[in-house]
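Scrolling down, you'll hit the structures one after another.
Look at the two complexes coming up: chain A is in both, with chain B in one and chain C in the other.
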Partner chain A sequence: MTTITLRIAALSWRLRPRGVLVTVGGVLLLGLLMALNMRLGDIRLSVPEVIAATFDPSSAAHFVVMELRLPRALTGALVGAALALSGAIIQSIARNPLASPEILGVTNGASVLVVAGVVASGSAYGGASGLLSTLGIPALSLLGGLIGGALVYGLAWRRGLDGYRLVLVGIGVTAVFTNVKFWLLTVGDVNDTGRAMVWISGSLNGRGWEHVQPVALALAVLLPLTLLGTRSLDALRYGDDTVTALGVRTNLSRTLMILAAVLLAAVATASAGPIAFVALAAPQIALRLARSGQPPLLSSAAVGAVLTTGADLIARTAFPLELPVGIVTAVLGAPYLIHLIWRARK
Partner chain B sequence: MRSTAVAPSPHGIRHRRLLVLLGLLAGLLLAVALSITLGSKPVPLADAWHALTAPSGTEHDIIIRSLRVPRTVLGVLAGLALGVAGALMQGHTRNPLADPGLLGVTQGAAFAMVASIILLGASSVLAYIWFGLAGALVASVAVFALGMTGGRGGPTPVTLALAGTAVSALLYALTSALVLLDEQAMDVFRFWQAGSIAARGSDVVWQVLPFILAGLVLALVNAPALNALSLGEDVARGLGQNIAMTRAVGVAAVTLLSGASVAACGALAFVGLIVPHLVRPLSGTDHRWLLPFSGLVGAVLLLVADVLGRVVAPPGELEVGVVLALIGAPFFIALVRRRKPVRL
Partner chain C sequence: MRLQAASVKLGYGDRTIVDGLDLGVETGTVTTIIGPNGCGKSTLLRALGRLLKPQGGEVLLDGKRIDRTPTREVAKILGVLPQAPAAPEGLTVADLVARGRHPHQTWYRQWSSDDEAAVADALAMTDLTDLAERPLDELSGGQRQRAWLSMALAQGTDLLLLDEPTTFLDLAHQVEVLELVRHLHQRAGRTIVMVLHDLNLAARYADRLVAMRDGRVIASGAPHEVLTEDLVREVFDLDAKVIEDPVAGTPLVIPIGPHRRRPAPDHLVKGP
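Then we have the complex of A and B:
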């Protein structure tokens, strides 16, 4: 396939036309889905009404669009992009299409600490005590994600890092987190349990601008940094010996990239809860669409944003009761993972 | 073993296995005694014996007869069932990481039971145990299909563990969608998901007993054929084995054992995973010994974990499922770290 080389000063990237096409197409589709998201809901709006509401603060629908639907849609898109980017990095490093931040303990570590916070503070999440829900939950989630990621990474480290060991250790640690999470749920009041359950399923209900900002910031900083690291990521797939010979410091660059992936997933989880399977499926879909050897980072992010926004549209409008978006992504994503495993057998 | 020059005689092996069997039975007896006497209200052994043989309605008698005995019996049954089910799954999938909890069988039973509670109004264990069994059956067949087809190569332990994760995640998502709609089911589900053998009456024990007994019998019947199968399907076929039949009996046994224990106790992971690894050095790879030993060790492990959960945080209790995960996961991780993922 023809590639174009982009050079800025001493740095160079290879651009694959197909990859660019997938990214641009993904962004366009995302725009379309977000526009649909603006229109649909309890109050249906026409396109001119949405445009009017966006720019005219006196319009009746201004509040609905600018304070309810737009921040929610943006949170969904950004969280999807961050999760997919995180998944693409981890899959490249683990050299395993089946790896993802949820298997590496990041999202589950976050869930455990958040549930602990909700249970410990009594009737907490959902706005009852403001400080905890605006600051505490995201902070706990970030901390839990980092702890979970560090635990899996540390336990899987044995004279270097083996992709398969990483995945298996992740499955073991995740199992403990899951059990502790459910034990915590039995400790709390059933009403709190219900709220915690919505959160740990991954939900975009009632997300405001305060949920948009941290993910936007994390993406703004980490996306360029991870793109800078693509070169070493490309090299890492050839195995440690070859990579060292190519002049890449394997363990250092791998550790930095994993750190970026963990941060992205943890911040995304802080904003929307652990939305399942986006991080796993999006890079694989992007890889197939772009026909590249490794999950392409930018295209994965675009696909992740499209998936999450689409799933939220379904979760919001297709059922009599609004479901958490994470349930929709799990029901769509798990069969996809099973399909990947089925194919990998051959 | 027999091919090496210094192998012990068959007679010596049998002698050693009988000794191990006696040791395990003694261990189980000790665990039962601990489980009956220890708890938030310790009961002296003499009082416990008195309560069992000649009850006179004292406080200790009531505690022992209505709480501790059903709990202990259920622990023994579930431990037997899960230990044997784990050994069977590892034997059939030839995969050292197979476990009913990790491979999605538990979540299959959970989904079917929650669905029956919400959609059909099932309320007693007897009503939803059938649904639990049906769910466990579907999930076992799915996992076995993923785990055993693929000819000579077969899936690696990683692939199978991931398949289990995927199946579990799907079923879990469906289950949580259902419980989010129904607060009453949520209240049942959260306790169930944590996994516990406490506060189950003796009626629950009687209801799951036939299923577990049937499963144990099927497992033992399956053992010789499984030995032949572990030489490879071609060899087993050459020896006159009916492969499909052997597999079918194995799936049926796993379904009965894990489905029944899951219906009664909730999600108890890691028993089936750990136990066969502990037992193999004692029993060798002969499933006629591996299976019963796994059952006994499973029962001891479950009771000890339950007792630990009772005494670590008085006056409260830690659910046995949580204790098992805290014991089991380090074991799992050590297993994974020790070497590259192996095939059995």
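Then we have the complex of A and C:
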């Protein structure tokens, strides 16, 4: 593993050039995709038109760019970054490339509560619309995600936190949640469950600034904090005794990092629904591009943002009927990940 | 005495392994803990290295309770090499040794010139400079154990605890590792506590022996004081002869069993 050292007086940093390259490349690609996102759609805009629309409130396309396309694209990018960051942390701690926020009970906890809210508020059972209208889908999703995460964490804790036990407990809890979700979908009114299904697939349709804000806030706070935890996360790859001997508080580090991962995934899911595959694939793609030992946090976030924004662009413009973004992320991400794994094998 | 255990009670869950044990580690010596399987010697070492929290009593480092001292500060004074340590895949020797600098680093001081010098020193002292860029999985068992010792050395601690540093090694590599431990003690003046299974090697390479059985210290002191025929019987339930090691002059334990004994000389068998 090649690294370069940067020293200024008593300060020093170690950088991995490939990791920096992936992150910078990802951000540049993200900028390009965002620009395309502003231009393409039912109304095609030229670059000058987009610029005019951005800065001139009186321009004809101002509403389309500033109120429809930009918040939607930003939601996609931020949600993708948050999910990928969450996935990178969970994969590192579980020492398992198949781990994701889904394993931590976040995604399915959110789904259960949202579906329950939608079904209960519907017409079929006289309607408990009070619950849904006061809380709203994002709040229900956030609550469900946090409950799911807390449940898995609490059940997995046994005199400390072990990656394997976390994954196993997570799979169990996820199975229960999934079945409750399906049961609710079965007993619910067809119209209500239809609405719930759109949310479950993960969609960026109709996302506005109110969806951008929570994810932006969560990332602004948690991204720097998780980056500070990178060194501990890296040390946790060794056996627990070795890491403890090196002065790392293993259980505290794991708990804080998992808390960050749960919050990121829960907030992201509250904004856009459970977008499939980003949290799983983006860290693994970033790891292979950066050729590092475990998923690099910043690069993973960049890849996640690119994957989601690109997928939404396709979902929004490539087909006569708009698709939920979650379907495209899986269709787009899976072959690319398989390609990277296949290439590495040779 | 910088490191001591005061009436510690140790165990896992409901199972108590050590109850009310006192032990002081004499500064500047190599102390080796011996005893039968399950006597609690590794448990004691883990407690001394704050890898296991005592259920009662206390472990003191420089007069302060070790579990109340920030673990990072402890890591600058006390290094622990666990039994059969695990490293992530694909690591080079240099990566592993550099990890020893972890307690000295922060996010704004990730690789200081001190770190670089300490790692270079540690590699040189363990004779691994030429192998620094080799992946760990390509090394022999003895070389790998040397790399782990090198990591513990790069940590730059005055005290070093080694839990069975010779397990899974053949005799030649056992000697190689213990010679290195002795070398570190002499060259760098470290205080070393280790757990060993082989009594003869323990006697040869330690300044002090601590013999344990059933979670208690039966005897401690210089090898020739501790390692007697009576003690071997008391600690291991084994009849043995203890003679002088013809090479090192330290005690050498020869076990006595009912089988495989030298036939008595002819004139004693025939009789008159």
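The criterion applied here is as follows: the second predicted complex is superposed on the first by the 304 of 346 C-alpha atoms of A that agree within 3 Å, B and C clash if a C-alpha of one lies under 4 Å from a C-alpha of the other, contacts with A are read in each partner's own complex, and residues count from 1 in each chain.
The working rule: contacts are C-beta pairs under 8 Å (C-beta built on N, C-alpha and C of every residue); 3 or more make two chains touch, one makes a residue touch a chain.
Please read all numbers here as calculations on a predicted model, not as lab measurements.
Look at A:244: by the touch rule set out above, it reaches chain C but stays clear of chain B. After overlaying the two complexes on the shared chain, residue contacts for A:293 are found with chain C alone; chain B is out of touch.
In the superposition on chain A, A:5 makes contact with chain C only, while chain B stays out of contact range.
In the superposed model, A:150 lies in contact with neither chain B nor chain C.
Of the two partner chains placed by the overlay, neither chain B nor chain C lies in contact with A:68. Note on chain A: of its two partners chain C and chain B, the one contacting more of its residues is B.
Within the superposed three-chain model, A:51 lies out of touch with both chain B and chain C [touch as defined at top]. After overlaying the two complexes on the shared chain, residue contacts for A:193 are found with chain B alone; chain C is out of touch.
Looking at the shared chain after the overlay, A:171 reaches chain B, while chain C stays out of its contact range. Taken together, the two complexes place no residue of chain A in contact with both chain B and chain C. Across the interface of their complex, chain A is touched by residues 97, 101-102, 146, 149-150, 153-159, 161-163, 165-167, 169-170, 172-174, 176-177, 179-181, 183, 186-187, 190-191, 193-195, 267, 269-270, 318-319, 321-322, 324-326, 328-329, 332-333, 336-337, 340-341 of chain B. On chain C, the positions that touch chain A within their shared complex are 13, 46, 49-51, 70-76, 79-82, 85-92, 95, 99-100, 102-103, 105, 107-113, 155. By the touch criterion stated above, chain A contacts chain C in their complex at residues 1, 5, 7, 10-14, 159, 227-228, 230-231, 235, 237-239, 241-242, 244-249, 293-294. Residues 96, 98, 103, 155-156, 158, 162, 164-165, 167-169, 171-176, 178-180, 182-183, 185-186, 190, 193-194, 197-198, 201, 276-277, 321, 323-324, 326-327, 330-331, 333-335, 337-338, 341-342, 344-346 of chain A are the ones that touch chain B when the two sit in their complex.
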